[in-house]
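You will see chain A twice below: alongside chain B first, and alongside chain C after that.
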Partner chain A sequence: MSAVETASQDQARRLQITRGSVAALLVLVIAAICRFWGEELTWLVSWPDALTVPMTDWVGAGVGWFLAVFKPIARVFSYLLEFPMTWVGGLLGGAPWPLILGSVTALGWLIGGARMAALGFFGFGFVVISGYWLEGMNTLALVAVSVPLAALLGAGIGIFAFEYPKLKSSVNVVLDVMQTMPTFAYLTPLLVLFGFGPVVGLIASAIFAAPPMARNVLLGLERVEPEIREAAVMSGGTRRQQLFLVELPAASQQIMVGFNQCLMAALSMVIIAAVIGGFEDIGWEVLLTMRKALFGPAFLAGSVIVVFAVVIDRMSAALAEPRPAQDKRVALGIFAIGALVAVWAVIAGWNPAGIAAMDGVADKVDHGVGQFTANHGATLDTIKNTSMFYGLLPLRIGLSDAVLPFTWGFAWTAQHSFVFYAVFAAIAALVALRGHLPQAGLVLIGAYVLETGIAQLPWAFVIFGVGAVGWVAGGRKLAIQVSVLLGLILVSGLWERALLSLYLSGASVAACALVGGVLGFWSAMSPRAWMVIRPVCDTLQTIPLFVFLIPVLMFFQIGEFSAFLAICMYAVVPMIRYTRHGLISTPEEMIEAATASGAGKWQTMFEVRAPYAAPTILLGLNQTILYAFAMLVIAALIGTTGLGQSIFLALGQADVGLGVTAGVAMAILALVADRLVQGFAEERKQALGL
Partner chain B sequence: MTEKNSTAPAIAVEGLWQVFGENAASALRDARSAGDEKSIAEKLKEKSLIPAVRAANFEVKSGELFVIMGLSGSGKSTLIRCISRLIEPTAGSVRIDGEDILQASDKRLIELRRHKLGMVFQHFGLFPHMTVADNVGFPLKMQGMGKAERRARALEVLEMVDLNGREDTYPRNLSGGQRQRVGIARSLAVNPDIWFLDEPFSALDPLIRRQLQDEFLNIQATLKKSIVFITHDIQEALKLADRIAIMKDGEVVQIGTPEEIILHPVNDYVAEFSKDVPKGRHARVESVLMEGIPANMPDDPGIRVGMSIDAALSKCMDLYEPVPVRDAQGELIGAVNPHELAKALQAEET
Partner chain C sequence: MTKILKASLSALAVTAVAMSAQAAELGAADEPIKLALNEWTGQHVTTHVAGEMLKAAGYEVEYVTAGMMNQFQAIADGDIHATLEIWSSNVSDQYAVLKDDGKLEELSDLGLNAREGIAYPAHVADLCPGLPAWEALKDCAINFATAETLPAGRLVDYPADWGTPGADRMVGLDLPFKAVPAGSEGALIAELRASTEKKSPLLITFWQPHWAMSAYDVKFVELPAGEDACFTDPAWGPNPNAINDCDFSASRIFKAAWPGLKDKWPAAHEILVNYQLSVEAQQPMMGAVDVDGDSVEDVVAEWMAANEGAWKPVVDAATK
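Moving on, here comes the complex of A and B:
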């Protein structure tokens, strides 16, 4: 029986290789047609305008009608939500700061003893002296109202998906869309629906923060041991008793992980939602100072956000860990001290807005950055220009257009093209001779993309190529799925913008894969490197998206390169983590077997660890892609072209049709990339028998 | 058990099928025309359905300790889950004290579980977020019993399994053996009539396992529950069972007392199990009694009814002629030939 199995597996693998070569060859043919007859067959290169459907108008009309119907209900909801918002806002904003500082410190003590108490104290202490206390409290109030909403919504969805397994896959699609749909995109309809005001941010963050909660609730429930479930049944519990008395509590650890992610997502979104303004929160402060190029205050306000993020993240993450109970009297004592100081502060009329002890720091930062950019302006410009002219621009518009006498010292001619292709053909031939037919095809396809530029690729080539990748990764069904999805963007008239987005995210993902892969590999090989890299990763992952814009703006001003850097900073983290995790989590027995066979450290790494880690690393790449798309829209704030820009424009003009369509297009790109990489990861997993 | 034959069986399983896969019920109905179980199962497999339990038929008498033994994948865990209706069987009937529980409404089922059924799991199935006492008291809570009462009863049952003093710890702080004691205590908390045990000792170390088996027998000696006990260990089955059902590929291949299983296996599969079993320890002297009682037997070497063959042989090792067998009162009831005793011990050579 097992012999038969291996035989069929062998056959499958051989089939896979042929499938890869066939796909590469077909794509190559399309590329060749586009390259040589593109001039004549223009419809192959750019989609005819006549066939473009006014998708944005239709969507605008459809969504507009929908919004009009639900507007009254939404407005009532919006009105009702004002109450808790005002209460919490009044409570946090009106309470004397020593009271809140004391409460947070006491809470920290209860959760994690002295360490967490110190974190709470110093974190919120920093906010007090930063001079952004009021804005900070406003942000916290938004989070405090949106998180229960998101957590309840998420838990409800998770439980629902668990109770009705038939609907699970559809629920998962909904969650995917909720998470991949760029946040700015649904701000526009929400604005129309709920009217101008903080409620929009609230709802948006509830939508954005619910999916992680839902996923973790579902995962936690699914992971409850079947015997625990059965024990509850055999004890004679009704379904509700089983769920609430046994299964949910047994899944509490996973649910707390979800709660942690939910909190972080809500914080991130609340800050992003500041772009619509109307609520004097810390995100607004960052945006405002950034627009005025006041980097010192922007840096300070950004730091406040980071401090909030770190405090909230560490404390809620500690909740998900098993932990010893702390002495409640200490917490009470801390709280009492806070309250006493508060009473004194009220009597003495001491108020944190007047402290602003960090203003000097802000000025210094401002000054320092100014001086640095003045002194090293040439260096910074060189970095920026080199990356632009020799990296990003050729990727975008192709070597044939990017190579100009002004930058490269010569103009691209037909001869150059000939030599270029000849070199790549030689490499491809070499690769093919060594038996790697699909890879040889990839080399040639890569050459074509490099010469043409991603933003100018013919639509036929892109859709057919992506379809072919889908076919290799997951069979015919996936191929059709991704082609149809991309086709939707094509006929909607957003194709050029989509390609621009694809180019920028592609460039960032490639950079992240390279840098992250190397760093992850290094971290796996050297524990000492990981000791340095790990806290950096932790911090980068905690920081809300928005804040990444501040440092790149300080040094590189507005522009595509800054956007590229911001995306890379954010998206590189999963690549590092997953690469390291994949490489070090090889089962001990396999390592021992390799060592016993006489393999050295590097041999073990390349022969045993790396192949075993491949699926994990692919998942890391997948995460990196999704992160890059998420950041792409935020980066539109500092100057990118493409879908992100459209979404942002739509927000400014309250153009629901454009906003939603561009948002969906973005989500489609992310989903397609996600499905393709997942397909490959799945294939690798099966090949390894995992 | 002899006095029970007048009453209805505690559990009666009839024509029970469990088929996994899509549209299993209709597929089974169609396949029924194929005739015997083997060909039905073949037919189902052709449709890539999995017949995990095939036409199981047996009865568990009241107060009987009925062991279902089989290797992994033989369907024994599925079978016990069908009987307790943790999964829905595809066809057949399961009567508990005459009531077909496959027809029972959800409400009635909850009722039964709250009062009549108890179950112990292989990996204990303890609720990680509850203390030992809360775990044991959970079925009582489902009954709606008050807090103080629950705790009193929990302590009582914990005492029975020798865990007094550990009631306020959490399962994670207990050893495997202790955890299973909690599992046993929980299943006994409502004082059920029917007791399901799904490989309760399989996850434990051999020493702890033997200790718990002995305690289990003690508990059963006083409580006299009707028990379905699942195991993959023939030694355990022989040690505990009143009767054993042996399963293979979803089929019950033989049902009998430990002695019958050892001495009269119905096929090679069952014989394979008993091969390594020291038969002398499990078979009794009655199984090799001679026909008729010869005259002129030697003095009584002390062989009594119910003695294991090992013990009997040790009493008459040096004798070559038939020896008398007496009952507890010393009445002569038969005779046995020492070389027949020795022969019964021999393992088949193959």
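Moving on, here comes the complex of A and C:
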């Protein structure tokens, strides 16, 4: 590295420090004003009602008008969609299961030889003995129609964004909204538009599943080698010929990755859409058992989805990779066996619903949950109370309100506040003396948040603070973006609910970052640990989210702690995966260099692998945040307050305005968090020279 | 159980015969009538009995699964033709809007006498001596307290979208309880189950007929009778300063249909209007499904065969 470069990097670092310090200082000033003059300047703390606009009514009217105009077109569309639905449904539901089992096994052989064939055979065999065969086939039929729809939509968006690079950033925002807006928020409008039935679930899952396809198509097209592109131009094809005959085939590898993600997303969303009904699929079955709080059967039905997800994921992932051709005669043989057994089955009059051989197991699991609750009731209560008193309550309403004689044993007074701030000021001073000025500011800001409570933070502090973080992460443009977005929630009158959602997801994300980081680190260090953790991650990610709620409710009852746990169970997965992935994918040269210079295993881990993995881990954190927001809506089924509950309320009351507005507010929170974390990740990447 | 069945049989027979009805046209008997199946077992029983009655009259019937809250738009659009167990305590605003616009037709009450109230699993009586009298709750509220509600006791209320009747009672009766919305029916059941397993205190807003009433031995707290005056006149009842200081008013359970039903299938319309089902008939069937694990179809078929007098007259009156 030359001297000039070092100097400029030093300068850059100094510049960052100043920017961070300035931001921290400014936020601190706002916090101090709110803390000391909040009582006089009430408009700084809570947004005046007079300035709140009836956003939900406007949105309701706007969407209502839109629905009325587009309803006839949408109805034609849903009429047309019913044909493939009926065909696929009839094919999958009507065929005897030995035939389908044989086909899947044969397909597995074609794709990946004996391993894939075994996966297909045992996976679908499990569905047969679970007793949910018909429901499972209905679910598959829904996926089979929604995935082509989503893939076409996604490919269209991706190609559009590639052809018109100027619109790329707007397209990206649209894709983000499609992915972060909770499905429940727009189920009611879809219902009005497309009419009752499985078509609504189909469209909802297509909306959710299209973005990964679009992103990968775009990425694939952008990565096509310039030489290939030039060759196409020189051979004189039209633009369309270039695109479809040269560039898209050249990008096929990346497009297959997108297709795989699209499949998985559709599968997870089909279940959520079951809330509407109209189709006896696995999602409906899970909902029925959930209403009876039967964990065993719900888990069994949910496992069918996990099996589908694993089979589909592995097979379509194998499609995306170059692979040796398999002997077609073997596949034909397997298929023939399946067909023969199917014919015999039909003649012998087998039960088309599969064999319910697992009911005993399901009951046992259910019984086990009950037993555990009965035996460990006191311990569970202690865990819950301790976490509530010393963790969640102070975070929500602040130490000043949460510290009471019957929780902590004493009442919080002005003296406590004084001592509290004095201690934190001392820590901040120490940190500042060691040269970390922004961190010192963060310590003091943290103290303010902890004393006030997230749900009671003044709006001015939140918006200004988030804007400052945006400024540090990505400059003035990002700062303005995030402040304006949050301002929209503020004037819409959903601010208090948004803060409650922010508190619950914030607490969950913090816990996930810690636990997921440790587990990811452990998995990176020990392949054996990863062998245990990986299937757990797979299951947590693909099982219908509702299933988690039952044991959590049984153990800890209705309330925030249960919601917190349910969110953590789902959102911790990306943190584990990305942390591990980041830590193990350090380039070999770097590790060799470290080993050569005498670094031990742990030293390499902390000083080489960890800094190199930082951007990947930040991406994991980003995913964890998005997952936490997604789960927040489901957690409303355990009785949380905040935006999630509003969305459910709106769904129940068919209140389009409230549903869409709360959904957009949720999407805004997720987008802001996403942009901030990505800003920091980008900055780290540049610092590492990636 | 047979005794209950017999009693219900005679009661039903009386109501059925007493109804004045005249024969109507079958209408489009070759097109299936679609009945909504919602999320709970009692409704499945109610719907299957109605469906079998329509089949006996010569109709084709299709059962369509539909979310309770989302079915009304479908009925207004004619995608579903009737839904047979709507609880007045748990019906969306959308229903009223669609009904007022003439896009939905309310048929009549089902005759299912429902009861809602503040309830507790039987073992809780030991934790709060004096129950089921409501006054007992005044002194033992602290036994029901949790981390989120301290120092008040905790009442698990209906999910927020069903309204807050439990919270209204606590305010009306000036009881030191804080209501926590449950979020879903599953959450309510999980609370009952966990409380029974752990023998822990629980006060909950609940209703019958429901299979959990007997499965978890749930009892209602005795409150002053819910007269109309209680909901309008603060002076009425034990608390002179508040309304709602009494039990729940009786909830109505009724049926609704697509407005086109009457013209397309006149006899079916008449059957569904006159169709009645009592708690005494429904509850054992629910138990057979949820506790014994039999299928709804089998249970209903068995009941239909054993209780022809309860439903045949309604079908005959409409078709003959």
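To be clear about the criterion, the second predicted complex is superposed on the first by the 611 of 690 C-alpha atoms of A that agree within 3 Å, B and C clash if a C-alpha of one lies under 4 Å from a C-alpha of the other, contacts with A are read in each partner's own complex, and residues count from 1 in each chain.
By definition in this document, a contact is a pair of C-beta atoms (placed from the backbone, for glycine too) under 8 Å apart; a residue touches a chain by one contact, two chains touch by 3 or more.
If you're wondering where the values come from, they're calculated on a predicted model, not measured in any experiment.
Engineer: State whether chain B and chain C clash or fit side by side on chain A once the two structures are superposed.
Structural biologist: In the arrangement built by aligning on chain A, the partners chain C and chain B fit side by side.
Engineer: Given the touch rule stated above, what does A:G368 touch, chain B (first), chain C (second), both, or neither?
Structural biologist: neither
Engineer: If we overlay the two complexes on their shared chain A, which of chain B and chain C does A:G487 touch? Say first, second, both or neither.
Structural biologist: After superposition on chain A, A:G487 lies in contact with neither partner.
Engineer: Please work out whether A:G333 is in contact with chain B alone, chain C alone, both, or neither, and reply first, second, both or neither.
Structural biologist: After superposition on chain A, A:G333 lies in contact with neither partner.
Engineer: If you stack the two complexes on chain A, which partner ends up touching A:F648: first (chain B), second (chain C), both, or neither?
Structural biologist: The second partner, chain C, only.
Engineer: Would you check which partner chain A:L187 touches, where first means chain B only, second means chain C only, and both and neither mean what they say?
Structural biologist: second
Engineer: Let me test your reading of the model: by the given contact rule, A:G64 touches which partner, first (chain B), second (chain C), both or neither?
Structural biologist: In the superposed model, A:G64 contacts neither chain B nor chain C.
Engineer: How many degrees, to the nearest 10, separate the directions from chain A's C-alpha centre towards those of chain B and chain C?
Structural biologist: Reported to the nearest 10, the angle reads 150 degrees.
Engineer: Look at the residues of chain A and decide whether chain B or chain C touches more of them.
Structural biologist: C
Engineer: Identify the partner contact of A:V233: answer first if only chain B is touched, second if only chain C is, both if each is, neither if none is.
Structural biologist: first
Engineer: I'd like to know which partner A:G93 touches here: chain B for first, chain C for second, both or neither.
Structural biologist: A:G93: touches no partner chain.
Engineer: Please give the least Cα distance, whole angstrom, that chain B and chain C reach in the superposed model.
Structural biologist: Between chain B and chain C, the shortest C-alpha distance works out to 47 Å.
Engineer: For chain C, which residues count as touching chain A in their complex?
Structural biologist: 37-40, 64-67, 69-74, 77, 79-80, 92-94, 146-148, 150-151, 156, 159-162, 180-187, 189-191, 193-194, 197-200, 290
Engineer: Show which residues of chain B lie in contact with chain A when the two form their complex.
Structural biologist: Touch list, chain B to chain A: 81, 84, 86, 110-115, 117-119, 121-130, 138-139, 141-143, 183, 186-187, 190, 196.
Engineer: So in the complex, which bits of chain A are touching chain B?
Structural biologist: Per the touch definition, chain A meets chain B at residues 225, 227-228, 230-238, 241, 245-246, 249-250, 252.
Engineer: For a test of understanding, state which residues of chain A touch chain C in their complex under the given definition.
Structural biologist: Touch list, chain A to chain C: 187-188, 191-192, 195-197, 275-280, 284, 287-288, 290-293, 370-371, 373-374, 377, 381, 384-385, 388-389, 393, 404, 406-407, 549-550, 553-555, 557-561, 636-640, 645, 648-649, 651-655.
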